[in-house]
Amino acid sequence: MTVEDRVRVSFQRQTVMQTLGMILVEVKEGECIIGFDYAEKLTQQHGFIHAGVIATALDSACGYAAYSMMPEGAAVLSIEFKTNLMRPAKGERFEARARVVKPGRTVHFTEASLFALTDDSEKLVATMTGTLMVVTGREGIQG
Amino acid sequence: MTVEDRVRVSFQRQTVMQTLGMILVEVKEGECIIGFDYAEKLTQQHGFIHAGVIATALDSACGYAAYSMMPEGAAVLSIEFKTNLMRPAKGERFEARARVVKPGRTVHFTEASLFALTDDSEKLVATMTGTLMVVTGREGIQG
Amino acid sequence: MTVEDRVRVSFQRQTVMQTLGMILVEVKEGECIIGFDYAEKLTQQHGFIHAGVIATALDSACGYAAYSMMPEGAAVLSIEFKTNLMRPAKGERFEARARVVKPGRTVHFTEASLFALTDDSEKLVATMTGTLMVVTGREGIQG
Amino acid sequence: MTVEDRVRVSFQRQTVMQTLGMILVEVKEGECIIGFDYAEKLTQQHGFIHAGVIATALDSACGYAAYSMMPEGAAVLSIEFKTNLMRPAKGERFEARARVVKPGRTVHFTEASLFALTDDSEKLVATMTGTLMVVTGREGIQG
């Protein structure tokens, strides 16, 4: 399986992605983009996208950016992430764009940004830095 | 309105809480608990609750713990949070328990923990530290 | 060597501790306290202790709390930490108190708080959550 | 006073910068670079620069990047920062390079990277994301 195929198979098993209407826009070695549309079901009390939904997109994007650099048979688990929320998440469409800043044998360091997109502009809404662990040989944990 | 009433009104406007099956378990001054049951629609690729869903519960709990200490008419916005993921989130029921560590005029510092609960035990799954801003007089931002 | 002895040997090799006037107050399994006195050489522009100095004490305390739970021969390296600065660091004496929240085979999750102490009170100044890696068999990295 | 002059005046009052041998390499609106040489007095137990020293350089660089965008008379205080430590900090010379990602009326969001420099290369050692508060009219807090 190519890296992209492995990521797509794992992504389809992330049921929460469907729940939130998130799709895998692009994946290549060390990079991943996840997109979603504005929907009322994703909002907090002011009608903006909830910060936790933002974190969900960013974390999955970081996870798959990292996973795309891991050896076959390995699985990926988030150890920690930090999110900065710079602007209220209003817009029609959003993209979480992640990349691996420093891969490693045991942990991968990643960075990601969430943008609100319109037809002719994009605005930075939030950023994440996250650490992902390479997990091998743990029963029931694949992908 | 009592503090609890104000929080309940705002919580009901957080549409994503219904989407994810999250309920307001308890709120008092400077503290908030949000609970949810395991559901397949919340999971990542290994069948655990997705880290972003965990962050959603923790962030809302932190937000309402902070909001419960703010003056009437103020609104609450998350500036940043950091989440540590200590154990895979498996279990039947989960609670995010948050408290304000240091309230302030402009920002509130909060801490929260997510526990996996069974009838006779609880396990720490994740923690969050988060900073929330007190927002006043910004149009369209209430609660 | 006892755990405490191992920590003390390593602490003495942390030259920056002497540079900043920091001492190992206490260490036991999974816990560590580092103390230091106010000194002008540690300050930022307003005369408070610099946030980086605070982070230095907190990170070493987290590191040794983690190290105290590692097998002999292992070394400890910080992967990441996050610090919340709740109050200006004014006072005469400070203590960074750390504990391991969740030990692991590869990574340890820790928490720490920095207090400003007077004879009869203590005030929370800052907190840290940090992740430490267990390093074994890497040349030149011990303790 | 120009922005650069204001930053230089404040930097000189950060006594800890002298203690650690750190200098202000460059400052312009929204950006700041702080440099320092390897010295044994800055090291942890393996002979690398201590993570807290790294955080000190990064935090000051973030702080002055933010301060350079604040109105005259305002002061800057760190609310929180998170540091990822990607490689052991070995090298002869280091630079912490910070920029404001999103300025605001009350808080500024910043990002910074620490590089280990040799004559013909640079290596990313660590990153920071930090939030700085704009403080006005608080007695004894200037610069």
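The first chain written gets the first letter, and so on, giving A, B, C and D; residue counts start at 1 in each chain.
Simple rule for what comes next: contacts are C-beta pairs under 8 Å (C-beta built on N, C-alpha and C of every residue); 3 or more make two chains touch, one makes a residue touch a chain.
These numbers were taken from a predicted model, which means no experiment stands behind them.
For chain pairs C-D and B-C, the one joined by more C-beta pairs in contact is C-D.
Chain centre most remote from that of chain D: B (centre = mean of CA atoms). Averaging Cα coordinates per chain places chain B and chain D 32 Å apart.
Mean C-alpha position of chain C lies 21 Å from that of chain D.
Work out the mean CA point of chain B and of chain C, and you get 29 Å between them. Residue positions of chain A touching 2 or more other chains: 79-80, 82, 84, 129, 131. Within the complex formed with chain A, the residues of chain D that make contact are 82, 84, 86-87, 101-102, 109, 111, 124, 127, 129, 131.
Chain D makes touch with chain C in their complex at residues 10-11, 13-16, 18-20, 40-47, 50-53, 55-60, 75, 77-85, 88, 140-143. Put simply, chain D touches chain B in their complex at residues 79-80, 82, 106-107, 129, 131, 133.
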